[in-house]
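Here chain A shows up in two complexes: once beside chain B, once beside chain C.
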Partner chain A sequence: MSLLLLAPALLLVGVVFLWPLLRYAWLSGHAASVLTGLVPLANGGANWQRLLSDGRFWQDTLQTLRFAGVSLSLELLLGLALALLLHQPLRQRGAVRAAVLLPWALPTTVMALGWRWLLNDPYGPLNRLIQGLGGSPYGFLSTPATTWLFTVLADVWKSTPFVALLLLAGLQTIPPELEEALLLEGAGPLQRLWRLTLPLLAPYLLLAALFRLAQALGVFDLIQVLTGGGPASSTESLGLYAYLNGMRFLDFGYSATVMLGMFLLVLLLTSGLLLLRRGWQGTLR
Partner chain B sequence: MTGWFPPLPNPARRLIAVVLAFWLALAGGLALARARRVTVGVLMPAPFADATAELVQQFNRDHRSVQIAVSRGPLDTEALSDLAISSLLLGDAPYDLLLMDVTWTPKYAAAGWLEPLEPLLGDQALAGMAPGAQAGNAFAGHLWRLPLLADMGLLYWRTDLMAAPPRTTTELETIARGLQRRGAVSWGYVWQGRQYEGLSCVFLEVLRGFGGQWLQHDAGQAPQPALQSPEAIAAANWLSGLVRQGITPRAVATVSEAEALQIFGAGEAAFMRNWPYAWRELTRPGSAVAGRVGVAPLVAVPGEQAAATQGSWGFSLLKGSRHPREAAEVLRWFTSEAVGRQLAIRYGYTPVWTSLLEDPSLEAALPLLPALRQGLLHAELRPLTPVYAQLSDALQRQLSALLSDDQPAALAMARAQRQSALILQAAGETP
Partner chain C sequence: MRRPPHPLLLLGALLWSLLPLLWQLLTSLRTPEALVAPTPAAWLSGWTLANYRQVLLGQPPFWRYLLNSALVGGASTGLTLALAIPAAYGLQQQGLRLQRLITLLLLAAAKFPYVLLFLALLELARALGWGNQLLALAVPYAGLSLPLAVLLLRAALADLPPDLEDAARLEGLNLGQRLRRVLLPLLAPAIASTAILVFLFSWNEYPIALTWISRAELLTLPTAMARIAGSSVYAVPYGAYAAATVLGSLPLLALVLLFQRQIVSGLTQGSVRG
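The block that comes next holds the complex of A and B.
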């Protein structure tokens, strides 16, 4: 009976998650490209061998990790600060919350186009400002060493509100009596944050981190629109590389292999985070 | 009423009702659309759909049995490709005709998505078109595509700042530096340097202008990349030299067609490399450089012929079309001389027919015509192979590093050569 009740959910997971995964695993063992007329021909582990020796895959892996790590940590910090601020009884709280949420509500492609314009060299508003202050225009998106920082900036701008929203929900579950009790005992604001708010917020922080990590590791649309992976492929993410192989090169076997490589990476890191939670709960008990 | 429907809070019930109504309306709409006569579905980028809208309406009025239904696709070339490929991968393409970029043809043909055209249109379908417009439509012994309009790289120059356009690379540099020195313009020469297809187009022109080739075809042998030749390195060096000397802004690493047009259109550059479409933008009332722009062939080193990268849009018939005969009829109409003339007069589209290119009466509407005719004589096709996208990607990566990361030209070209050779080798090995 219980299995029957679970069936719809299992079916859904199977169809939208397990089936594509199995299909990708199968494809990654085949040459299925424009050269085979898109007919899948089993080629053993050739795709995986190629993946291991593909310098571009590893470079993109590092670039993706760099992007995800830096943007995730910034988003958690700023999101927490924002959530604490929004939790305060402000005047016009509704309006303030709506304003803060706006970046998250924008479609990524639209906001990426906006950033591309903001960072335009030399006509973008930021460069106008720099020129107005007597500087010379800066190539935000034309320097391989630093362009990735601006992709992070755009991502942080967009996703911090999401983290803040999750954490705000968490903050609202903390009973005010606890805070009052600590206040009576003479705990300062920092102490209250450290001793009360953060521990009780931990599950929410973890949830936000999980969501954002998985999203950041799979980043595609932001990069595609903002830089197209350039300059010199310095901002290319794994998602973009898989897309290139699939949709541009019509090499679906290898594209599936890159996707699976990316999937393994996400799996590894998110399970790492979940293990972290176990440790956490241990100390709380 | 609520007997079988579990009690839900009111807003939820309303939401479900709205969703149900939406799906019913959608299904009804689809059923209605299906009941009509033979309709040939055409997917093209929105600007082309807009430009041909009136002519299509006329066609639909004049024809009873065949109707054309144009789907407006995305403006961006690659986005259109993504849309088309996604629908093709699902097997049953909802379109009969697809307006394709010239570089897609071998890839789509090899993927088995296209129907050969010669059984429907005969062997002479291209006869009467300019040679530069004929190239790139046939591959592996079949005709896959008919061009709607021709396209090629052009050098835009400022007629108020110089007496005549430069012919050689050195002349261009000298004029540009002189104008920059006396403060007439901020930049000498703007072109497309973003890491994308446009960069490959720019490089191919410079490469040919230096006497080099992208792929070398020796008789009896598979084509080999020739990117490490002295000519290719000199070409790469020239492009990065433009940036080093400040003739081209460093920002060129982020510049695509639109950004180049913005800089040149603001009157801040002496020269620009762009496609013919830029002409209308630059000469429209209110343009800062209206009446001060000329068009010339791109530059070359002395003794070499200046070349223009060929880029064109053309129609292909998709495999699985339910009405191939009617679709071929529509294709023939779209690419006809009459339609070409209308598109040239109304929208400045470059005609593919020699008769139109040489028609003096068209020059009033299309002052560019002599330059376009000239450009089509020396149009340079990008490598005609199913793995073109890989070759171009490898080249773009290295050129982008050359322009944005001060990578030496010899190193960038050596890497591009090695990667291109691997790509071609893999293409030759796979059964």
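The block that comes next holds the complex of A and C.
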């Protein structure tokens, strides 16, 4: 009886999450592109061989890792700072929390379009500021070596609130008596952070890291609207590459293979993070 | 012992969050000439509402996208709750081992980068004839939201006193009555948190809407914004872009102001308790 209540939800979750992975596994063994009229024809391991020797795939993998690693680190740092700030007594707590939360709640594409204007060369406010200070306008979105940094900026702006609120929930579980005890010992603010707050916050930091890592590795909306993967494919993520293979080059077989490659990457890195935690908990005991 | 934060730090945090948005507001009210003037134009001239007129009178008008997003959001939220509430209850009744397994799987699904799923879901939509059917989006959206929704509701169920169900059963209430009269009222806060999170997710979802919907009058807000970004319908477009950004942000500003408590509790409970 109680299984019957559970079944419809599990069925839908299965169709949405599990079916695609099975379908990709099957498709990745087939040629299904405009050349075959999108009719799947078995082609052995040709898609996988192509993946292994596809320079663009590996370049996008590195780019995605770079984006995810730097975004994640900055979001954890800034999120911690913001959480500590919000944990202090505030008069307009509700309003401040709403203001901080807003970037997270907006659709990614809306603010990606917004950032295109903020970073516009030469009319955007940042370039106006640079010019006002006597510099010459900078191609924030047209310089292959540095544009990825500004995709990180937009991601950090949007996702830090999530990390901050999660860590704030963690901070609120720390009994104030513990902090008072350390204070009596004469521990300074940095010592209190290092000896008390961070160890007790560790599970929350790990949760935030896991969640943000998986999402950052899957980055798509932001890149597509902010840079379209450019300039010169320098900001192209794996998600965007898989999308282009499917929707622009109409090669479903290879697109499915790229998706599976990406899935393996996410699986590898998130389980790596979990193993790291296990080892670290082991040393504590 | 805890002191209020330094006002400058607080101001910095607020500016970091709000300044990019305020700049969009400012941009949306400037004439194209003022935006591209070689030196920043005088502050008193160059103000206009023309950008809003252009966006609101566009073809299709901008409110259409907001309406589409609201419809999809509403349908997804309803469908998710209709499936998640019984599922959370059913999960709670299972043996401990099965409970743990399902919870773990749901947790993994809730963290999954779902952009990976769009190609197979697009194939399904084509097979079912669901392309360009606005409300059909509610089905994948519900599927994607269910893991978080079930986890949130189950955590709330686990917090209820264990004797409650037995007492209601002894009173002779059947399952439907117990759900409606006893559990639902007690779960109301968790349901509200779940509903607002599902609504926000559906409102903001991009890759699936992008691949399922191609007709302009059926686009949801995120896809419409991306299409505006990719087209050059507007001569010097940034004023109009900014107006669209502002209009697209206003409903969410309202939601966040109204429901920030529910959003925060849902976000943290969903990640921590699952």
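We take it that the second predicted complex is superposed on the first by the 270 of 285 C-alpha atoms of A that agree within 3 Å, B and C clash if a C-alpha of one lies under 4 Å from a C-alpha of the other, contacts with A are read in each partner's own complex, and residues count from 1 in each chain.
The working rule: contacts are C-beta pairs under 8 Å (C-beta built on N, C-alpha and C of every residue); 3 or more make two chains touch, one makes a residue touch a chain.
These numbers come from a predicted model, not from an experiment.
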{"item": "Superposition on chain A - do chain B and chain C clash or fit", "value": "clash"}
{"item": "First (chain B), second (chain C), both or neither touched by A:Phe57", "value": "neither"}
{"item": "Partner chain(s) touched by A:Met259 [first = chain B, second = chain C, both, neither]", "value": "second"}
{"item": "A:Phe67 touches, of chain B and chain C: first, second, both or neither?", "value": "neither"}
{"item": "Per-residue contact with chain A, leading partner among chain C and chain B", "value": "C"}
{"item": "Touching partner for A:Tyr24 - first (chain B), second (chain C), both, neither", "value": "second"}
{"item": "Partner chain(s) touched by A:Met247 [first = chain B, second = chain C, both, neither]", "value": "both"}
{"item": "Which superposed partner A:Tyr123 touches (first chain B, second chain C, both, neither)", "value": "both"}
{"item": "First (chain B), second (chain C), both or neither touched by A:Leu41", "value": "first"}
{"item": "Which superposed partner A:Thr143 touches (first chain B, second chain C, both, neither)", "value": "first"}
{"item": "First, second, both or neither for A:Leu101, with chain B first and chain C second", "value": "second"}
{"item": "Where chain A meets both chain C and chain B, residue numbers", "value": "120, 123, 247"}
{"item": "Chain C to chain A touching residues, read off their complex", "value": "1-5, 9-10, 13-14, 16-18, 20-21, 23-24, 27, 35-36, 40, 83-84, 86-87, 89-91, 93-94, 102, 106, 109, 111-124, 139-140, 142-144, 146-147, 150, 175, 200, 203-204, 206-207, 211, 221-223, 225-226, 228-229, 238, 241-242, 244-245, 248-249, 252-253, 255-257, 260-261, 263-264, 267-268, 271-272"}
{"item": "Contact footprint of chain A on chain B as seen in their complex", "value": "78, 81-82, 85, 107, 110-112, 194-196, 249-254, 259, 262, 386-387, 389-390, 393, 396-397, 400-401, 403-405, 407, 426-427, 430-431"}
{"item": "Partner chain B, residues of chain A touching it in the complex", "value": "31, 33-38, 41, 120-123, 137, 139, 141-145, 227-234, 244, 247-250"}
{"item": "Interface residues, chain A side, partner chain C - complex", "value": "1-10, 12-13, 15-17, 19-20, 23-24, 82, 85, 87-91, 94, 96-103, 105-118, 120, 123, 125, 128, 132, 157, 161-162, 165-166, 168-170, 176, 179-180, 183, 204, 207-208, 210-211, 214-215, 217-218, 220-221, 224-225, 239, 242-243, 246-247, 252, 255-256, 259, 262-263, 266, 270"}
